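Two complexes are shown next, each including chain A; its partner changes from chain B in the first to chain C in the second.
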Partner chain A sequence: MKNEPQFDERYRLSPRHVDNPGVEKRSRAVLHQQQQHLDRLRNRPRNIAYFEHAVRGENISDAAPLVGYFCNMTPPELIRAAGGVPVRLGCGNAALVQTGEEVLAGDICPLAKASFACVVDERSIASRCDAFVLPTSCDAKTKLGEILEDYRPTFMIHLPPEQNHELFLKETVKSYQRLEAFLGGVTGRKVSRKALLHAVRQGREQAGLVRRLQEIRSECPGALSVQDLFLMIQAASSGVDMEEWCRECRNVITEIEGYSPERRRFRHRVVLTGAPAIWPNFKPLSLLEECGADVVADTLCSGTESCYDPVVIDETGHKSLLRALSLRYVFASPCPAFISQGKRLNRVINLVDEFTADAVINYSLRLCQLFDAETYRLSQVLKQRQIPFMNMRTDYSLEDIEQLRVRLEAFLETLEEI
Partner chain B sequence: MISVGIDIGSTTTKMVILDKEQGILAQKLVATGAVPGETADELFRTLLDSVSLTPEQIAIVATTGYGRHLVDIGDSVMTEIKACAAGVQYECMEAEPIRTIIDVGGQDTKVITLTGDGQIEDFSMNDKCAAGTGRFLEVLAQKLELSYDAFVEEALKSDTLLHMSSTCAVFAESEVVGLLARGEAKADVAAGAHDAIAGRIASMIRRTGGSSRFAFVGGGSLNGALLRAMEEHLNAEVTVPASPQLVVALGAAVVGAKKVEKRDASVSEGGG
Partner chain C sequence: MTLNPENILSVLVAPFTNPLMVLLIVGMIPALLRRLPGRHAWAVTAVFGPPIILWGTYHLICLNPTAAEWLSTLNNPIAGAFLVIVYPAMLIPEGRWRQVFLVIPVGFVLWFFVAIYRGYQTVPADESGFYWLLVSPSWLISGVMALLVILHEFMDLKWFRRTVRATCLLVLIYGGFALRQDFSDYRNMLDRRAEEKNVMTLQETSPVMEYPNKMIHLPSAPCRFSTDGGYVQGCNLELFQRLLHINMFDLGSGSLAAMNTLSAVLAALMIFVAFSFISARWCCGWLCPLSTIGDVLNWMRKRLGLPAMHPPAPVKTGFKISGLSLVGVTFLMAKATPHLGEDGRFAGCKIPIFPFCKVCPGQQVCPVAGGGLDEYPPLPGTEWAFGFFRYGMLAVLGLFVVSFMLSKRLWCRFCPMGMFSGLFNRGGMFALQKRAQKCDKCGVCAEVCPMDIETVRDEMKHPDVSSFDCVLCLRCVEKCPQTDCLRLEHNGITVTSSTCSPEHLTSEK
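And then the complex of A and B:
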């Protein structure tokens, strides 16, 4: 397939870089604070340092071209099969929001702003990327592509608004084929069927390992903090060697399989749904743990959703593999980017059941209209099913932490008898 | 059995000593100050002394409020939402059940809805700013160069409805300057400010699904003009309990006592 341009060359702007020592200093403080939070956790896996380094981008191999991407609808398998190294661009650093605000509009979500700030900072990993890939999953992403194109070649994956695979699968496969052509242009390597199959199998292995971690945590939430779980999952998309990641992950599994708690656990089990909590913004996760709840399952795209179900391989032909990736990453996605909330509601209700949760917490990121708009139906549907629900509406900043703590603790108190 | 509830708020710290049979033995309110832990310690000792009790005679000390984790004298910690619900029900139990509690404090406003049998059904709090809290009215009183009490008095005198669009403590200042420049009376501006806050709180109540009978607690409920405006906006009577600022500390003592009873019951069951 020909590599058709998506943006109008005539209106390209020269890239603008920002050097703001104040923001830089604060962003280091945010990282330091988050690290302190993690250091205070009990029962951390012995090899957790590997994942900590990885999530800070310290384990990136520079041997192959780096492809920065957003969202779960971008299959990292395709990037790997094209000989690139996938690096997820989402950033959760509260301090960087300010830089993003200076270039993008004010009323865009902190995730888009902070992530964009990484691109314009010449010291960041994002600015070392050779290309960017992002789907049209929200207004911010749709418009971000053209801005990113000023910096590096960028490809937008066109998403169908409706998750009806009978009607729209062809269209999505075509979009993935265009992505293949684009990636080929970046890496100079065509995606072969063999390489794609290998990448898909590797992705399935990763999903299986995360699934196992979840099973152990469900049985025994004290074995691994949800913060460490997220750290491990996000390390996988930080440009690491997948075989190495799988090896380290297996070591964690062996270690925590041997964990036996001293006494019974009486903490409330909750399912976390909503907007992504991305390193170093683990605020919703740490707050929930501090208030005495165990997050036993989640639908966050920065959490276990990225490996909830493995890609299903029916046939191993090239196009069949692209179809399998589309079905997994687009048509089964619980993201609010699509017109029906059905997928997400189903997932939440099933998780409550499967992981015997006591309640559901929704993390609603301020300025993400899609998640905001879904909150009403989510709350009502759960109410009908008598599943306790709380909406945690906040952003990256830490100024509302005490108010949120009161809300969460009060909510958890209502789950008890006294 | 005697239990103690201490509510360490952002502005004031409140303590209640509750006897299961005799009711409230003592209660006191002091400024929280810079070191909440020390304030709570001091209050605990002096109030026990005032009724000739020793710490050993207290079955449980329950702490609540923003400083609930900052003090180490408590045996049980709970949120002010739970304590508030228990305190209001203890105070207002004689009449028809309270279904909605409005708590206007120094730095936040809370709405708690209760089921017919007194369980917490839902609750909401203002977002991270002073809009809709007692602080907003304090700022406006200063802007009008009135003491807080005089500000409330003025508002009660007004019978003209002046519409104020802002409930943001910062933006409202400039709006007030504009209104005064237009020649509006201070009394009407004061009434307008109370009306704006009451409107905002009423909207929060409706979003949370609040219904009659209403109880109004916290420092804000001592403000007669705010009470009047709340009743207008809700089109219902609003009950203010006897000591509306101490009701959360009272609730902590009530829940604490229940916890002791439950523990005792399970111990005797286990023993039998």
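And then the complex of A and C:
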């Protein structure tokens, strides 16, 4: 398939790089601070250092082209099948937000700004990528594509507005086919059926491992901190070798399977939903843990949502595999990019049930209108079902942390009364 | 069996004392209660009604030897084996009791081998050799069912389905010569095989279950169209055609022959409806040799890596309407059977006795599957009803092959045999259930569904997601990525449910 160019060549700008020692220094401080947070965690898996190195981008193999991508609607399987190494670009560094602001508008969400800053920063992994792929999942992403195109070849995945299989499935498959052609151009390798099947199988294995982790954590949340869980999951999309990741993950599973808590745990079990918490912004996670709640399940696209559900292989033809990817990544997605909120509500309610949670916390990232707009229905629906709910509206900055802590503690106290 | 018109009433009530009917009635209670409002009133009727009716009819029938005799024709090995082996296996949950229960099927399997050994004892010493399995139908059926129940313990849904389908294919297609009661029966079969076949005048379209005076029609199982005789009777359409063959004028004038036919057909119909109520369209998904053969064609498409065609709704409806129209036309012809002249003509047209069977692709496909291309039966001549049967046959056979090659089971939208069982998909004992709370509408169920059913994905209010076209193949249950989201219930008890466990996912490679 011939790919029509997505952007107008004539108005391309030359890439602009920023070198701001102040931001640089602060961003290192943020990383350091987060690392300290993690170090304070008790009872971490022995091989957690592997995952820590991975999220910092230290385990990337240089052999294959790196393809940076945003969002859960971009199937990493496709990138792997094309011989590329998928690197998820979302960045949660509070300090980098400022750099992004200089090119993007001020009123764009911190995630887009920080992630863009990574691209601009020549030392980051993002700037080592050979191509970018992002879906049109929100206004910021939609406009980011053209800006990124100035730096590297970029492909925008066109998402349907509605998760209506009948109307849009073929269209989504076409988008993925275009993506395949684009990736082929980047890596110089066509996506073969076999490679795709292999990548999908690998993804299923990852899903199985994450499901197992969640099973253990549901039984005994003390076995693995949610921060470490997120670290592990995000490490998987930081350009590591999947086989190696699976091996390390298996080690963690064997280790925590043997974990038995010293005493019964009386901490609250909560389900976390809302905007992505991406390394090094584990603020909502660490806050919740410090306040005495265990995040037993989440719908965060940077958390278990990204790999909890497997791609279902039925037929193994090339097109069938693409359909399977579309079903998994677009049509089952609880992302607010789509017009109905039903999937997310359904998921949240089910997780509360399945993981016997006491409450739901919504992490709503300031300046993300989509998540903001969903908060009302979420709170009302949960209220109808008498599930305690708290909205945590914040951004990357660490300034409001004490204020949030007070609110959270008060909320968790009300749970005790029930 | 003697029967006179006065007995017709007792003939009609007789089936209600059959053990199968007891199961049917008892099974109907929860099925009805689940569907009808006004539960209390129903509960009272349902709990007290059937025993009273049964008791009353039992005594009525004991007074009437004719009816009692007819009653005996209703008993059949399939019902017995189902009640003793399969039904408990479906209902007893995993655990110790299940292991205890497994002793029964193991016993049946052992006896199955003993029965074969005894069958070989009937072979005269000077002719000893290999004659496949010499075993009576009862032992064959219970042995096979027991074997499958045991195998089920060691298999996942996918492999179990494949095993069941392969077994059913073997029994139904190859059973004709490989499974004989005893040595003399084997000899008879060879003799029958030697006769020249003429499809159009073949009276017995289907092999005879070797029970005197008994017909057993399984839902969604076509006959073998082979002269050697096997263990399975024809499909439900054959049964309906038999009903149409009865000359109503003869019946009115009290002809004994017509009465006998009617009673035999009614008995078969009773059993058949009971089977359909119990199994709905399950037989389509697991047993039907036509679709198993079609799946081989489908497998070829998959191997080529071609995506399955998902035909739009009008095409599917068109298939359904054409299937039903074909039934309409051929049944009208069957109605003419009693009025055929000496030369086999009605109003100048040559018409076969079982007109539907003559255009059924099963007639061509099953013999070929069983005996290779040599067995391909001759096509009807063009003089038969102006070539209706020759060209109709070719068209339907082409439809069969093409629709299985291009899409997964488009054919099954056409097949009237399956459609009848579909009537019991909602309201029968099987029900496909969904917990909408677990479903994220990923659409996997619709994607893997060979019948292209979207109800399972889209129905978010009502837990019952069974639909008319569903063949209960359980692919959706097998593939749904959410544990416990979909499940199959039989009479309110969960038989199987979707699982997507970590072990399952990580052990794939």
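As a convention for this text, the second predicted complex is superposed on the first by the 417 of 418 C-alpha atoms of A that agree within 3 Å, B and C clash if a C-alpha of one lies under 4 Å from a C-alpha of the other, contacts with A are read in each partner's own complex, and residues count from 1 in each chain.
By definition in this document, a contact is a pair of C-beta atoms (placed from the backbone, for glycine too) under 8 Å apart; a residue touches a chain by one contact, two chains touch by 3 or more.
Bear in mind the structure is a predicted one, so any value in this text is a computation, not a measurement.
Partners chain B and chain C fit side by side in the overlay (superposition on chain A). In the superposed model, A:E122 lies in contact with neither chain B nor chain C.
Once the two complexes are overlaid on the shared chain, A:H165 sits against chain C while remaining clear of chain B. Look at A:K319: by the touch rule set out above, it reaches chain C but stays clear of chain B. Once chain A of one complex is fitted onto chain A of the other, the partner contacts of A:E219 are absent, as it touches neither chain B nor chain C. Look at A:E413: by the touch rule set out above, it reaches chain B but stays clear of chain C. When the shared chain is aligned, chain B comes close enough to touch A:E399, but chain C does not.
Seen from the CA centre of chain A, chain B and chain C lie at an angle of 120° in the overlaid model, rounded to the nearest 10.
A simple residue count on chain A separates chain B from chain C, and the partner touching more is C. The minimum CA-CA separation between chain B and chain C in the overlaid arrangement is 27 Å, rounded to the whole angstrom.
Residues common to the contacts of chain A with chain B and with chain C across the two structures: none.
Within the complex formed with chain B, the residues of chain A that make contact are 393, 399-400, 402-403, 406-407, 409-410, 413-414, 418. Against chain A, the residues of chain C that register as touching in their complex are 302, 305-308, 436-444, 446-448, 454, 457, 475, 479, 481-482, 500-506, 508-509.
Within the complex formed with chain C, the residues of chain A that make contact are 163, 165-166, 169, 193, 201-202, 204-205, 207-209, 211-212, 215, 309-310, 312, 314-320, 323-324, 327-328, 331-332, 334, 342-343, 346-347, 349-350, 353-354.
Listed in rising order, the residues of chain B touching chain A in the complex are 66, 78-82, 108, 119-120, 123, 125, 127-128, 255, 258-259, 262.
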